[in-house]
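Per-chain numbering from 1; labels A, B, C and D assigned in written order.
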């Protein structure tokens, strides 16, 4: 029984069957990659997992509880954190504030009307944020405005924000899209380190084979809205069905 | 039955004015992404184009008439339009009588120039600014424009009658086989409705069937791609701003015989036309037209005596109520595109 | 630090408090007899308006400045608060304290209802929903609700009001709003040389309320709640995926902001016991938007400055007539005098709207950050001289 | 060193401390000596003219302001003296008021009660105005009147026609020269019955606010008393610009008269719609269909253009009155002459009422010998005068309402010029429009001198 169980999920947009009979099981403490050519339904699947979309059929269970029909914030509170394709951070706020908000959320739940205390004077939260910043190697950037950082730094910040909540499952949507090679490698290293050091499950949706094969210990291949195969990376590499799906689009 | 037909007629008529203003607003929003609070002022400027034109026609020399006295007992000064000298008295009178339709010819170039100047001089600096800034700067412009008009024309309404041929009303009831005299409708309002439909039709045809229009539509959908094709979309959008100004202006010109214009008529229409645009769906041209007509009809029905007696005050709020209901049930208005103006 | 504020905020609050306390003096910079006395603003009515509209704008800024949600119907809460306030003055007591409290509460409830519905949408759709609610309130208050609102002539106190806490009134005159016997219109006056300073009870009451409201706003800006609101403006999606439910945050913010408006309304009727329907019109809502933007959106002090500037224009510039202009320029040769007057006249007196419109445009075109940005620019010019450039990036909202 | 004083009421007076040394603080004592607010201490006295300078009634406000300036000139002995020559009271002698030169300040009411009160308070607190006058709507008049009562200042209402001003909202410190809705009804109904017959069916369109309500009520009551029937009364929003949907059903309603209880832009637009829909030319119940506009003003008639031709209404005064109705209305020509020579066109009824109010106030101060509001109230209550263009007039003590003749007018078919838009149909004498002041309720209270 995996921590994330997807069973028979289907989703239709008008005439397009985006997902059909998707079954997927993500085991605890693994790095599980979901790959597939453009239009395979990767993003739709991800959106079904985090509450942005509700599938027409099937079930999605996290740790034994259904996530269907819950809003994104509830799913986050169940222990799923999401990293977006383009870094979604609070651009107008400082790095430190960015880092503190998720910790507040973890502590106070979905809503807390604390309009009197000074945000920057919560010692415990400040310390926790400081720790994550150090881990992310961003301590020197704490008072920068988040929007003024490089894309790679924004990505690190976003991952840090997610980690600060100590989620059980980290969902990443093409985390290296649009990044330079050096930044991509840095991100891979960071994720590897997180997977090694923390008690965490990572599910990653990715297009870039280099990233997938350096990171994942299990891979699901999606094509035309349906899982093709699921196996360990070495088996996936030479699999004929995968080659067929990626026809003309071999791993780069 | 006849009452209902009558109110539909009324609503179509009122709605066509809303639709024309909302259409221009949407054109500007769709092409330039600018929320133009000065659009009501353009409608008002159009109306004053008609007033100015009729004053130009009646520009007069003063002749002292010793046979009559003015209010202080001095000899009366009589104004004789120059146009009588140029075209003869009868032709001159015909021209003055037809000043409203003729003012269209005068208003088109004037309004296009005003629109283009506005876009080049002010609006273009606001493309990249937040919508709130656009709203405020155009709101400031609206105040300035109406104060200038007030300075020159005063605050009082100025009558500007329709040509005599269109004064009077048409027995609609008799024409469709009902009892005579049950549904009569003024000629000029029928003219206004037809004119509005014609104008809306030509704007759509222009966008649909001309190369220029096709480029503009493509630019509305995806500006960057069109620019990559080496087309100067900016220039075309400027022209579209001029066209939108002209549409609002013509709506104003033709409206003068219905309501004598005054300087704040633009503000009176502004809020309603924004409601119309939003109900129709930001950025949707057919939505703007449909919502304009729909809200016009709704407003007419709400003003029926039987309705007011059942729901006191409904005539005061019906448009806003409709806007609230539509926005809560259809989040993007009647025909709005996803993701427009939500952040 | 003082009152739980950091040093920067504490000194800002202190400066504002000193300015507000001494306003009767420095708002009257010109001697009574001088021709420039027309520009003095240190009389009770206008000073009261400065601080009351300051409260209104501070509250609006908590919503618009922090979350970016542009409400076009905020005047409805000011109006609702005003009506509630007058009713308290009519029914309960002429003492203004219940009126101020109840008007804040009533506006809060009103804001809860409107906010609950309007906040189901965002962007311009939210703006139009609030606009629609406010316009409906205005239209109904001016017409069918006349028995409750007094209609177009407004709701006022009357001789035969019950005022159950006050006992019978035998003076033949309607009692004036007061606080424990001290009337809002009462003033200390000091005359020094040619200057006349009026220290008015109503003004100081409003000023104390305004300073408390300002202090509370600083606390909200710096609190976790305030940061979450700024996070909503910055990236609502991320906040949702961080486990926070933005809806109660928005609603709480909307209600707080509405209560500020109601408080302003309650104070307005306490200073001057009349509530008119046009207080709810969309142009009144637009005015507070202008105040906020003119002063500086999202800054602490900006809205107060913006409110002051607009009210100054409305009350001082609108009163300059041609008679006065001729007096001012009387020292010039006749022809020149007439010429100068004819140039200035369209912009003052009945033309004050024109000047206001031009100023809006100028501020929005050249100073998108409003007066605060202007202040910062001026300050940075002075700072450059002598001091080393500091590389401490200032990311907190400017004061 | 600094001596202070707690005043009851905010008393502020320019010129109070002239000559005081710079270093020595002085106590302001004006209020306490005289016992009333804003008592003038120097050689001049300041009046506050509070008129709409922006908004829809700005033109009317501009005309009021012209009249005020003219009145100030005449009070100060400049110009030809205007109505001072014809006014029955001869207390004023062209040397200002009680020997003090008259000065004035102006404010913008914006035709909003809030703004009007703000500008009135500014004139009282800042400029030390001793009297406030002006306005061109009842909402503003009622609001400013209440303010003046509270501040201890005299309020001389400008153009306000609602019963409320001197009815349920009357105040001891407030006075109205203009007539009211009730008098309109009383004057109009007999003329309508005479011209259109007594078996008419009326359809009312009423602006949905206080003035509309009182006007509709007055016209209904007085026409129904003469045998008319009211088919329907429909309220129209004040913000309405296109009245077609209200006008269109009228013809099929069984009514044969349309009464437009509208003023200003509302009236211009609804009348334009009514004529557009052919009501002027129509027949109903075998009679010619008629339109009635209870309250006329020349500026409105100008806005509606040719559409006013033949339409009945009432007005407080008209510049041609003395020429057409005789010397009973003396003063009219004197006023029209000074106004016309100064500005080049004849005054409106708003200008007339504002001019009269200024003179009446000055005269009351002069006769009472004091600027004290209570002295003014005493001098004006029950004051009978003549020679101000309305014939013999009474300022009634019970409700501070002027009782005078009301004119029934009709829009001219062929106006000779821009000003000659209304023709006099009938004059209803004061006795016929007099009413019991108790019918509207409200309490006058007692005069408030302020300080």
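In the analysis below, contacts are C-beta pairs under 8 Å (C-beta built on N, C-alpha and C of every residue); 3 or more make two chains touch, one makes a residue touch a chain.
Keep in mind it's a predicted model, so treat the numbers as computed, not measured.
Novice: Mean of the CA atoms for each chain, then the mean for all of them together: which chain is nearest?
Specialist: If we average C-alpha coordinates per chain, C lands closest to the whole-structure average.
Novice: Let me check something: if the centre of a chain is the mean of its CA atoms, which chain is farthest from subunit B?
Specialist: Ranked by distance of C-alpha centres from subunit B, the top chain is A.
Novice: Round to the nearest whole Å and give the separation of the Cα centres of subunit B and subunit C.
Specialist: 35
Novice: How many Å are there between the centre of subunit A and the centre of subunit B, using C-alpha atoms for each centre?
Specialist: Computed from C-alpha means, the inter-chain centre distance equals 52 Å.
Novice: Centroid of subunit A to centroid of subunit D, CA atoms only: how many Å?
Specialist: Whole-Å distance between the two chain centres: 74.
Novice: So the centre of each chain is just the mean of its C-alpha atoms; given that, what is the distance between subunit C and subunit D in Å?
Specialist: Between these chains, centre-to-centre, one finds 33 Å.
Novice: In subunit B, what residues contact two or more other chains?
Specialist: In subunit B, the residues touching two or more other chains are 312, 316.
Novice: At which residue positions does subunit D touch at least two other chains?
Specialist: 54, 58, 208, 235, 237, 239
Novice: Using the touch rule from the top of the page, what pairs of chains touch, sorted by label?
Specialist: According to the stated criterion, the contacting chain pairs are A-C, B-C, B-D, C-D.
Novice: What residues of subunit D sit close enough to touch subunit B in their complex?
Specialist: For this pair, the touching residues of subunit D are 54-60, 208, 232, 234-237, 239, 241-242, 244-246, 248-249, 251-253, 265, 268-269, 272-273, 276-278, 281, 299, 302-307, 319-320, 336-337, 340-341, 345-346, 416-417, 419-420.
Novice: Mind listing the subunit B positions that touch subunit C in their complex?
Specialist: Subunit B reaches subunit C through residues 35, 122, 125, 129, 131-133, 136-137, 139-144, 147-148, 151, 267, 271, 274-275, 278, 282, 312-313, 316-317, 320-321, 323-324, 327-328, 331-333, 341-343.
Novice: Across the complex, what residues on subunit C touch subunit B?
Specialist: Within the complex, subunit C touches subunit B at residues 70, 117, 120-125, 128-129, 131-133, 135-136, 139-140, 143-145, 282-283, 286, 289-290, 293, 297, 346, 351, 353-354, 356-358, 360-361, 364-365, 368.
Novice: Where on subunit B is subunit D touching in the complex?
Specialist: Touching subunit D: residues 2-3, 6-7, 9-11, 13-14, 17, 68, 70-72, 76, 150, 154-159, 161, 167-169, 181-182, 184-186, 188-189, 257-260, 262, 264-265, 268-269, 299-300, 303-305, 308, 312, 315-316 of subunit B.
Novice: In the complex formed with subunit D, which residues of subunit C make contact?
Specialist: 32-33, 37, 40, 43-46, 49, 139, 142-144, 146, 151-154, 156, 158-160, 171-174, 176, 183, 185-194, 196, 198, 200, 272, 274, 276, 278-279, 314-315, 318-319, 321, 323, 349-350, 352-353
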